[in-house]
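First up is the structure itself, then whatever we jot down about it.
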Amino acid sequence: MPGNDRVWSGLDAAQVEALIGRHFPQIHVGGRAMLIEEAGAQRARVRLKKQERHLRPGGTVSGPTMFTLADFSVYVAIIATLGEAGIAAVTTNLNINFLAKPEPRDLIAVVRLIRLGRRLAVGEAQLFSEGAADMVAHAIATYALPSPSASGAAPSR
Amino acid sequence: MPGNDRVWSGLDAAQVEALIGRHFPQIHVGGRAMLIEEAGAQRARVRLKKQERHLRPGGTVSGPTMFTLADFSVYVAIIATLGEAGIAAVTTNLNINFLAKPEPRDLIAVVRLIRLGRRLAVGEAQLFSEGAADMVAHAIATYALPSPSASGAAPSR
Amino acid sequence: MPGNDRVWSGLDAAQVEALIGRHFPQIHVGGRAMLIEEAGAQRARVRLKKQERHLRPGGTVSGPTMFTLADFSVYVAIIATLGEAGIAAVTTNLNINFLAKPEPRDLIAVVRLIRLGRRLAVGEAQLFSEGAADMVAHAIATYALPSPSASGAAPSR
Amino acid sequence: MPGNDRVWSGLDAAQVEALIGRHFPQIHVGGRAMLIEEAGAQRARVRLKKQERHLRPGGTVSGPTMFTLADFSVYVAIIATLGEAGIAAVTTNLNINFLAKPEPRDLIAVVRLIRLGRRLAVGEAQLFSEGAADMVAHAIATYALPSPSASGAAPSR
């Protein structure tokens, strides 16, 4: 478990998956679309499996689907960094740029936290179509972190 | 139909609904969650019907659901303003601030376009829980507009 | 002075001006370019006087100048709302859209706070060229508010 | 000069400096605060020299100063990539996150373009205090690129 200093090697993918599964089972309603591939202190890598319902005409992935992946991936990096205390973190701001039309393939989000303060965490998510070099979307998300005294509270997400 | 000057009274809700239904029938897969209540030149009002799958623990509406509503509502205002030519518009940037936890009720998005250029449109979406005065989320979305020569092209959204 | 509930009629323009002048005299180095015209709970109106050094070729106002006006105006609304406790607020995020080329005239920023939480305030700034109806820029700024225990601390802005 | 494909090795720092100096001599009014250290296709590195007028109480660099550096640095990367045609590019959106209080030292902006389309370029700027590892601010800027037919027009920036 993370200490007060919040600096440690982080939870791995399976540990984050277990925590989220316990607190947010409904996130997987409709099938396990998002797969945590890697996690660690201040970082995460999440795959969105190609599914028909995420596609737009022409076979491309929809904007809301990319938003969902970016938001979730930053959340994964926060939990990997803070442990169970991160579960109650909530998004306060997300800015996303859609850069190129994604291919009708899996999407990969690569996240790093660029700020981890006492009250706010800021993460950057880079989204790629599997096997392609060019970024299809870029997002910056800010999460409000639970105050230490509130860490026992029910998740407010 | 809008002329070259792109200034007119706009399509109404039923006309926009018909255009979107013809070009994007898949947007309503899973039930008609989003209802266009009002539309006109540079403005729109869209209701997201409360549905179990949009809810988070505690009964609140999820962030991705609010993103989807904001993005779609700005799109509605663009089509109401530009007519069929607006169908091919694509989101390039969306910045959303989550301000308060929404109630487990319908969500209402009120949109106005604050810029309508030749190549870009910028819309502001204010989201409210039905019957409540405080905004629950605020979004600014930029859409790239199709160039006139490409207006006959298949929608690239 | 504001009580714990942070809901009151707010400081007026002269009171905010006096507070800022006392804590940030250097903001006016180079001349009093920014004039607080109105202030009150959750709102402000600030004028940027036309000055040669803010102009770009063609007589238009520069982007950094509009950023400065937007950021400052939201800060004014926070101080008008929170009183002296607001002085220590710091910008954490600012998203600005440049919508039209401003005229070589005074710029007016109209601000309202759309969220005032315990830890974060979010303000919207609409910028206009004096006497013109179309918005030239639109900004959303998030400020971190000082925690009550830190309210006696030196401004960290 | 760049060809139609817009893929080349880019202008170097001295070439970009010369172009900007020719088109925007007023950018250096008040002293040459911003120094282009490196430039090339889709990238730039710019130093903001520490100056008294940019400082806030406690010796920290102001938010507007960081905005100015981020905006300018992305502009440098665009010119390095597009050559003289890039001069007429104008900022349409800038999103900046302030992550940590900068030291009273030089600031370094490291930029890469993450999208270079026909009509829009998107650049990411990471800002650091000289010699420090942690980012002090992060910005994403979108520029509208001049249309080829308008490339002979006067800069509208």
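The chains carry the letters A, B, C and D, assigned in the order they are written, with residues numbered from 1 in each.
By our rule, a contact is a pair of C-beta atoms (placed from the backbone, for glycine too) under 8 Å apart; a residue touches a chain by one contact, two chains touch by 3 or more.
Computed from a prediction, not measured in an experiment: that's the story for all the values here.
Chain centres here are means of the Cα atoms, and by that rule the chain farthest away from subunit B is D. Chain pairs C-D and A-D differ in how many C-beta pairs they share in contact, with the greater number at C-D. Centre-to-centre, using mean CA coordinates, subunit C is 25 Å away from subunit D.
Centre-to-centre separation between subunit A and subunit C, using Cα means, comes to 33 Å. Averaged Cα coordinates give subunit A a centre that lies 30 Å from the centre of subunit D. Looking at subunit B, residues 92-93, 95, 97, 142 sit in touch with two or more other chains. Chain contact summary for the complex, subunit C toward subunit A: residues 92-93, 95, 119-120, 142, 144. Taken in their complex, subunit D has these residues touching subunit A: 95, 97, 99-100, 114-115, 122, 124, 135, 138, 140, 142. Only residues 23-24, 26, 29-30, 53, 55-58, 60, 63-64, 67-68, 71, 90-98, 101, 154-157 of subunit B touch subunit A when the two sit together in their complex.
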